[in-house]
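Got some structures for you, see below.
You will see two complexes here that share subunit A, one where it goes with subunit B and one where it goes with subunit C.
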Partner chain A sequence: MSSQLAFHVDLSSCTGCKACQMACIDKNDLELGQRWRRVYEFTGGDWVKMGNAYINSVFTYFTSVSCQHCEDPICVNVCPSGAMHKREDGIVLVDTQKCLGCRYCEWACPYGSPQYNPTLGKMGKCNFCYDLIDAGGKPACVEACPMRALDFGPLDEMVARYGDLRDPAPLPISSITHPSVIFTPHRNTYPAGSNEGQIANKEEV
Partner chain B sequence: MMNVRDFALVAFTILSQMAVGSMIVLGIVHFFAIRKAGMQEADRLSDQILPAIGIVLGAALVVSLTHLGSPLNAPLAILKLSTSWLSREILFTVSFFVVGAIFSFMQWRSLSSFAVRNLVAWIAAILGLMQVFSMSHIYMISTEPAWNSIATPISFFTTAFLLGSLAIGTAMVLNYNINRRKDQKCAEVQCGLLRDSLRWISIAAIVLLGVEVVLAPLYVTSLAAGATTAAESASLMLNQYGLIFAFRLVLVFIGAGILGIFIYRNALSPGREKILGNLTYSAFALVFIAELMGRFLFYATHIRLGLF
Partner chain C sequence: MSKDDLLTKTLKDTVLTRRSFLKWSGVLGGTAALAGGGLKFGLKAIERATAQPAEKAIATGCAHNCGGRCQLITHVKDGVIVRISSDPSEDTLEAPALRACVRGHAYRRRVYYPTRLQYPLKRTGKRGEGKFERISWDDAISIAASQIQSVKDKYGNAAIHLVAGSAGGSQTLGIGTAARLLNLIGGYIDTYNNYSWACIQKATPYVYGTQTCGATRNDWLKSKYILMWGWNPAEMIDGTNTMWYVKQARLQGAKTVVIDPRLSMSAVGLADQWIPLYPGTDAALMSSMAYVIISENLHDQEFLDKYVVGFDDDHLPEGVLAGNSYKSYILGTKDGVPKTPQWAEAITGVPAETIVQLARDYAMLKPSVLYQGYGMQRRAYGESTVISGISLAVITGNVGIPGGWASGMAFEPVGPQGGGLSTGNNPVTYKVPRYKWPDLMYRATEMTPEEDGVVGLGPGEKHLPTNVKLLWQVAGQSMLNQHGDINFVASKLADESLVEFILVNEQFMTPSSKYADLILPACTWMETSGVTKNWKYGATFINMPKVIEPLYESKPDYEICAEIANKLGVEQDYTQGKTADDLVQDWVAVAQKADPNFPSYEEFASKGYYQWQFPDIHDSMADFRADPVANPLQTPSGKIELFSKTLWDMGKPDSIPAIGKYIPEWEGVSDPMRSKYPLLGLTHHYMRHSHSTEDNIDWNEEAWPQRAFINNLDAEARGIKDGDMVRVYNDRGEMILPARVTKRNMPGVIDIPSGGWWDPDQNGIDRHGAVNILTSLRVTPLAFGNPQGTFLVEVEKV
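What follows is the complex of A and B.
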């Protein structure tokens, strides 16, 4: 699909400040507990013996994760009403008029992207700020990033510019849903499924 | 891991599977009752039980609405039959209910011929089996390692037939007691049919107990040997929920196994209807509770792949 929109996240420059997360909450007026963009802190390391000395191999990098607007979105495949759908430009959206609030998409999505809103009785998720994009603007998270670590554009363009890394740890393997997010690795980036580190800020995501 | 809405799903899946199993077991009982005692006695055995199955399934459908955030949108759930097993499951559940209700009505009013009614009953039974099949596929998705295995359909069908058999046994005992009060004359033939049916029901229950007792440890060991998330599910099952896991197996063993043997022995000769009835009620109650516990574990121990 040539018209697939994609995000780019530069892990080598992200400082984990969460401005993207805050901008998302602000732009979409999200209720407490709704986090359409989240920043995962992946941390590891140990004491490593080098000659007669022990040095540490401690590392941390931050991964900003929203909906991956997958090319093969499992949430769209399982949704019984068609509320979860893919726009022509590849953005995965919830049609709240059709959503039952059955939460099947929540069971299926390996990124925790569709989130249940108990006030509405419907699912909510990152909509790529399609209203801003349609008006020629940028998504709120991209606009807010002080490190310029976030970018967006057509998937093929993003791949040409930034490479094709789609599943750095702690993300799940990309073969499940073929996500449309390209990552620039941090120097300590490990592949999906790695046990070299763990998510250190579980209470924040 | 367990949400309040999951309890609605425990009730819905158990009750609807029991309804499917009951419909099919009742069909088999009716078939053999005709050969043994003729149409009139066979109908007397089963006609009162049919609407009860409808009530159970209707209750299941109402309960299923309570897990939705927007229940008014429920009818939209059948729009994605081409991709979603959930759509298919809902379509099959509702059509099983409708065709079952039509059959029940035809049977009650003796509408049309026996052949036509038989055909309608067959359609209902097949729709019911499709319902259990598609329900198991809802859970068999690649991001849910604890669910994505052959153990899911095996356990759903076992639940359907185990609970279905014992529910029909229980309903037959109730029906027999009512019939006997109304008309002493019919009692002897009906009593014979009841004892024959309960013998076979107890055998079925013991066989299905065997399936569950073999499946449970195989399932947990294969989970434990799986990837990280699957192994975490196995550890939840054995540690945090270990007591429920063990208690559930003990209950189903007593209900279907030990009481099953007693039902079989007491159904061999006439004159023990009272104790036979009480044994059947107890077996059904124990197995019903065990199956609820098993389904609770199903929802409480699954862990999705990926990020939360």
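What follows is the complex of A and C.
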């Protein structure tokens, strides 16, 4: 049995509302600029005028992204101080006592998950709300989602229930770090690396 | 009481130490393996306590005036809110958890925001200049009372106007507290209708005889097709969980389609298909769908013959000549213009083939829902758009059947109600349409029933007796930011020869409060006891206890008004000796009487809310459908009136037609003004705020920055790149803000989200995207409603 915890994100019913992001900010008292969970808008397609009408192939879907709590976490591998570590249940955590604030992890992570906190001079990141789940609760983001598009649980259970899509665009391919987040695709979901769309809300993520 | 309930209650009400947690967790550890999922609630409550030792979880509500009313669970430590969490309840179809949106999750930041108003402020500079000095509460209350008394003595009560506002949230906060006070001292000139639904509320009864023509949301689970017409429940929150019910309908196999000029959040997360059209052309698309349906014989003739007046020339009211029926209009038998998909393509920008497919799907995938959003009726001819939409539901016979939808206002029948602070009776009978209130400042005495919609004049009275001399805004921004044509309204507010005194109860220095002569700092709903109830689907009663003490010198509106009442000699009548807590108890007592299942106050407070729904699917048109003779509608004919003789008799066929018609808008898609201002304005409810509430909060700005959302082709044609500063303008005003270049708007459409706070620079140019510097003060023809969605602009790179 896998001891790795995982998130599930249902892109087919995510409206991109950011309740998850705001619940995370509130739970973790994050300063402006720190977004341990954030929502990417991936938009593509075109408008073509045909006579009086506009034909379009425009699409958008939203992808809520936190730390992927990877099975092979590159942030842990590059951390020179041993601050970045993995718990027994697979949660990737920063030990702020050990963190030097060198930002190697930030540089290495393809998901932008470890984020530098200039006030503390340390790294911060999604910690799966381990304090809440250790007490039997849910991560703040999961419990906040008005569309019930977020879920969490053991990775093998999540895969059994939701399939095994791990790298929808605009995320990077999953073979780099083996992320522990499972996605249900939106009807417009493209695979990682797709040029069919772009991140359309860069200033928000 | 079950063990779970006991745990929940205990944990919510008691300050837990880590030690006691360990004791509890031992108990739970022993039972968890046996009890399964039901324990989640209790465990959840415990972790809240342990995450922050000596932390107390207090359930309250989120009572912004969006469409929802949600639960917020505050975590309080040493008298300070340290976190807000979500309703942990399991979802059931009857009572899904009341999960809050981003606005609720940002509320802690709002409560403690550094710019909260801390003490009463008296104006020192010119009105609107924003210069104030701190004064004491004693002085503030004396000034407020003496100004009210003096205007009343000098001009009469009709010279006092309480400006609409909806942000109070609970009964001890907000406009109702001031209305009660003013009514005790002779009243004030009030307004009727509202900024949200003026046209849809006015128009729907002409067809159905009622606004209550809707059904419960679980009815959608029986639908095969849901047409979300200009409807964006994910962003405007049309009832807590309404979008969740749409999701449930999809899981049952319903196909969902969004029609909107913008690829809205609902179009992304709730729909299988998105059909963009030019703003203000909805009725043209609707009419062309009717053309397809009628010409392909997909309409329900049997239903129309039995239940409907005015579909075809054989069923027109007496005295109306053939050629005036709905069918004649659609087929063009009289005006020579068949409302074909090709005709509509030229107006709406929607390809004719798409229209044909849309019409067939809606008519054939029955039962089907056509749900009308409200943005499309806040437009130049909103009334006729509403009736055009209803007409599609009627001709397809989707009225009063399981899984169908009558369209229009579509309220479901009213469930049990709570009590609440009565506003009493207003002795001043005069009312004007809400969108006409600024006229009261400078031309009240010229306003007429015919032109301006004045009501309540006495026998022999031709005009209102006086202009308004005192304005009072409580928990709202209708005084300026949320009304149309800000620059014009601001000029009238600033003119000290018009209104003599402006009183504002607020929590922040809003653009509207800047025009006050006296600002009274009100506390938030976290700082006083109250209670709230939802307004649309089912009945959700939410307890809103005092979570923390009022910050700084702020007070609940109820207390502020009681103090003014004291100066005016009516305190006893005002409070009847009741505290805010007493008012909550009164409210609950009424609810308990209305619903025998309503819990005791203690139980209510423990869960934090009580959710009531109709026990099964409930369609308010079902009785009429079952037997139209025994259960006639409240229309003149007792039937559905696709043709309204009442509207016909008004004699204004160009603006108030007797049937649902497409009427080209002023400042719309075909207005010659587009040669000067080519872009069609759009303003949507933005996730970052409820109306204008929370616009000033940095968490919200970070998540959802205020931008001019411009289509990529329009941007390219103007040399505008994403993030460029742009100037958006028309004859009424201009704003400069960053552009967001997007493919999610139809070409030709620019979206300035509503609710941005007006921030004029030294040249009067708005710097924060307050859309109402661009909107018109005209009113709609029938409802005297607010067409704030209809405006044209041009954009250029700065």
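Here is the rule we use: the second predicted complex is superposed on the first by the 196 of 205 C-alpha atoms of A that agree within 3 Å, B and C clash if a C-alpha of one lies under 4 Å from a C-alpha of the other, contacts with A are read in each partner's own complex, and residues count from 1 in each chain.
By our rule, a contact is a pair of C-beta atoms (placed from the backbone, for glycine too) under 8 Å apart; a residue touches a chain by one contact, two chains touch by 3 or more.
Since the model is a prediction, treat every value here as computed from it, not as a measurement.
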Inset, instruction - In the superposition on subunit A, see if there is space for subunit B and subunit C together, and answer fit or clash. - result: fit
Inset, instruction - Considering only touches as defined above, state whether A:C75 meets subunit B (first), subunit C (second), both or neither. - result: neither
Inset, instruction - Could you say whether A:C102 touches subunit B, subunit C, both of them, or neither, answering first, second, both or neither? - result: first
Inset, instruction - Once the structures are superposed on A, label A:M158 by its partner contacts, choosing first (subunit B), second (subunit C), both or neither. - result: neither
Inset, instruction - Could you tell me if A:I91 is touching subunit B, subunit C, both of them or neither one (first, second, both, neither)? - result: neither
Inset, instruction - Mind working out whether A:C145 is in touch with subunit B, subunit C, both or neither, as first, second, both or neither? - result: second
Inset, instruction - Would you check which partner chain A:V65 touches, where first means subunit B only, second means subunit C only, and both and neither mean what they say? - result: first
Legend entry - Comparing the two partners subunit B and subunit C, which touches a greater set of residues in subunit A: C
Inset, instruction - Specify the angle subtended at the CA centre of subunit A by the CA centres of subunit B and subunit C, expressed in degrees to the nearest 10. - result: 130
Legend entry - Overlay on shared chain A, then closest C-alpha pair between subunit B and subunit C (Å): 15
Legend entry - Doubly contacted subunit A residues - partners subunit C and subunit B: 202
Inset, instruction - Could you pull out which subunit C residues touch subunit A in their complex? - result: 25, 28, 32, 39-40, 43-44, 46-48, 50-51, 83-86, 88, 91, 99-102, 104-106, 108-109, 234-235, 241, 243-244, 247, 250, 263, 265-266, 268-270, 272, 274, 276, 345-346, 349-352, 354, 687, 698-699, 702-705, 711-713, 722-723, 740, 742-744, 746-747
Legend entry - Complex contacts: residues of subunit A adjacent to subunit C: 12-19, 21-23, 25-27, 32-33, 35, 43-47, 49-56, 58-62, 131-132, 134-138, 140, 143-149, 186-187, 200-204
Legend entry - Residues of subunit B defined as touching subunit A within the complex: 5, 67-71, 73-74, 76-80, 83-87, 90, 138, 141-144, 228, 304-308
Inset, instruction - Could you please specify the touching residues of subunit A with respect to subunit B in the complex? - result: 38, 40, 65, 74, 76-83, 98-104, 107-112, 116-118, 120-123, 170-172, 176, 193, 202, 205
